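I've put the structures underneath this note.
Next come two complexes built around subunit A: one with subunit B, the other with subunit C.
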Partner chain A sequence: MRFLYRPGSSPLHRCPAGAKLLLLVAAGVGLVLLRDPLPASAALLAAVLLYPVASFGPRVLWQQARPVLPVLVVVGVLHGLSASWPGAYVTVVGLLALVLLAALVTLTTRTTALVDVVVRVLRPLRIVGVDPERVGLLLALGVRSVPVVLDLAAEVREAQHARGLAASPRAFAVPLVVRSMRHADALGEALAARGVDD
Partner chain B sequence: MTIATGLWDDRPVPLIELDGVSHAYGERAVLRDLTLRLEEHRIGVVGGNGSGKSTLARLLNGLVLPTAGRVRIDGLDTAHEGHQVRRRVGFVFTDPDAQIVMPTVGEDVAFGLRRLPRAEADRRSREWLERFGLADLCDHPAHLLSGGQKQLLALASVLVTEPDLLVMDEPTTLLDLANARHVAHLVAELPQQVVMVTHQLHLLDGFDRVLVVDDGRIVHDGPPADSLAHYEALVG
Partner chain C sequence: MQLLRREQPALPGRRLSARDLALVAVFAALVAALGLFPAISVGSAVPITLQSMGPMICGAVLGRRLGAASLLLFLALVALGLPLLAGGHGGLAVFAGPTVGYLVGWPVAAYVIGWLTERGPRPYRLSWGVVAHVIGGIVVLYVFGIAGLVWQAGVTVPHAVVINLPFVPGDLAKAVVAALVARGVFAGLPDRQPSISRVR
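Presenting the complex of A and B:
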């Protein structure tokens, strides 16, 4: 599964979650402000070199990059045609570097550690009525629910095939939404049973 | 690792009291005027689909509140002291996928201890992961576990909070025979009071008391052999 924590003991795994997130944000801000081929290339090179540091091989790197490549190609071509090709290079390379770095943060950091950082950062917003713990819980639940919903989707698709139904978006979406909502209900009940609202 | 079963005799069992309890979802009456006093260690609940077993189980931790009457756990009213009740009553659902709320095994067990200092929470989580043979899977994504492992995780995540009463709603229905036996074996060794709804009647061997529910009423209440004979007669 992409984007999920993989245990390890590399320097990147041991680096505190807050520091990793801060560096990620700094890289994003830096790339936007500089908008130059050199820093963009450097960021991508750094991202690629950090994977072995976290003891991930080329396969893991490829798994993170592959899903965004089509989008990047489209963005690059549009940008090149409408503005300039060097500009397109900076955008595509910069985005790819950020995607790889963000993936690296989630691959080397437990969800609860990331959530703790978010909760800490949001704490000042308590005065305007934001409940940081609640936001953190929602984030963790979101991460947990992705594979569950993917499984539900696979089951719905299988059930349709078994009944010989042609692939229709509506015949797929309706049962998936119904089952996801049923899952959400059960999850809410489980959270209540585990004392979340107390 | 096994838990000394001698604990059974020392540990005070909570007193579950239902007093004229009825429950209706809208117009539909699901439980009708139940008055019960449960103070045994092992209590089973059997009955047909839709007879009201899950509703009865959910009444015991205040997930469902009675529309008439009162439910009390050691004197705590589920309607007014739900918070304290849920701290003492652990609940295991049928589908482990819906009750695992954190992405990894270790995080899910630690979730129930989120109000404790991190080191203490980690220590206690580890203890339960080891007891249930899940220690090597601590950083494993929960969704990659087998169905049986998921239910073990769900059970460990509830037990880590050390509830006095464990309510289980068909905890083995989605498991194969070997996993169902494994879960039943772990439950059998717990020092806690257990209320278990099940269709797998052999799991009720050794229980102290079995309730037979039909159409929202307790139609029989006695030792397992007796109740199961009554249930089979009812099904016909």
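Presenting the complex of A and C:
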């Protein structure tokens, strides 16, 4: 399973995951509260300048920005036509800044470190019946299950090809769902055998 | 893993059993597989994936509780940096973008579809399934998507509705296909059809 994380030793890579997430949330809240061209431009400039700090080149920056650009263009034009063009600028630039900053956290933080933050943040919710360790287990199970189900999907696809069946969504999804259920049953029994239900 | 000794005689409450955990994890991965596998190779530039059928399939097959949980887990995995969204996207950035409403709406759509499917006729009926998928996977989901566009991108509600219109035919088709898939699954495994009496 390939993660979006890119290993490195920059200051941003070494910064604790919790701190990065907190700063990201602060940037999001700040941009919502200060809907003004200046803070939005400053945030975008900061985001762009942080990429070299994390030792990422312009190519990586472009890869992060590209997927949202079509939506941002549509949003910007609609916003400009219905409200105002300065407002459209603030919205588009602010969103782009947030997307780039969020991508930066993802690029520089290991998934395991983020899981630890989630488990830590959920700890106070123990009072209302949330079991943080169980959430951590579920996240780990999810990460583990992705390559397994991808293998199942590849098997189903091969079986279809071997029988010369046309690629129909239903002929693909039905056996995939059934196989996934069987796999989940086996996994559930294994977990129960390890005392997860006790 | 901390093992809490707790009385749990088939507790239908909030705690997920080992079996539930496994189903939720595997179906979260299934949503990923639906997005990463080009289901229909029509030679077009944009690969058509079945990922947006994920909430429909999870809700219909697992019921409201586990269906919603599996979509929540899927979103959590995406947020944690796994490139599981169709096209290999993921990370926290997708939650900062203007289309965040659709993602947030997925677990809710799965819940609504699961709720409706649990109350549906037995054996599974295609028409009921299609209606459930349209209500949960289109009406409810679009409400969240439009709210996201309005809140996050400052678009007016009518404009946000217009943005959604081109997607309606494809999503209607997916509602039908997902119902066909559910019928196919329950034809082989009739006891897995979710019901109110046996909320899993």
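Some observations on this one:
One rule holds in what follows: the second predicted complex is superposed on the first by the 130 of 198 C-alpha atoms of A that agree within 3 Å, B and C clash if a C-alpha of one lies under 4 Å from a C-alpha of the other, contacts with A are read in each partner's own complex, and residues count from 1 in each chain.
Quick note on the criterion: a contact is a pair of C-beta atoms (placed from the backbone, for glycine too) under 8 Å apart; a residue touches a chain by one contact, two chains touch by 3 or more.
Only a predicted model underlies this, so the values are computations on that prediction, with no experimental measurement involved.
One of subunit B and subunit C touches more residues of subunit A, and that partner is C. Of the two partner chains, subunit C is the only one touched by A:G87; subunit B is not. After overlaying the two complexes on the shared chain, residue contacts for A:P7 are found with subunit B alone; subunit C is out of touch. Contacts of A:G129 after superposition: subunit C is touched, whereas subunit B is not reached. Once the two complexes are laid over each other on the shared chain, residue contacts for A:A19 go to neither subunit B nor subunit C.
With both structures placed on the common chain, the touch criterion links A:R144 to subunit B and to subunit C. Applying the stated contact rule after C-alpha superposition, one finds that A:T111 touches each of subunit B and subunit C. By the document's definition of touching, neither partner reaches A:L69: not subunit B, not subunit C. Taken together, the two complexes place residues 1, 4-5, 111, 141, 143-144, 148, 183, 187, 189, 191-192, 195, 198 of subunit A in contact with subunit B and also with subunit C. The part of subunit A that touches subunit B in the complex is made up of residues 1, 4-5, 7, 110-112, 140-141, 143-144, 147-148, 151, 183, 186-187, 189-195, 198. Remark: subunit A residues 1-5, 24, 28, 64, 67-68, 71-72, 74-75, 78-79, 82-83, 87-88, 91, 95, 98-103, 105-107, 109, 111, 114-115, 118, 129, 131, 133-134, 136-139, 141-146, 148-150, 152-153, 157, 167, 169-170, 172-174, 176-178, 180-181, 183-185, 187-189, 191-192, 195-198 touch subunit C in the complex.
Remark: subunit C residues 1-5, 8, 14-30, 32-34, 36-37, 39-41, 50, 53, 57, 61, 73-74, 76-77, 79-84, 87, 89-93, 95-99, 149, 152-156, 159, 163, 177, 180-181, 184-185, 188-189, 192 touch subunit A in the complex. Across the complex, subunit B meets subunit A through its residues 61, 63, 82-83, 86-87, 90-91, 93, 95, 97-104, 107, 110-112, 139, 141-144, 157-158, 161.
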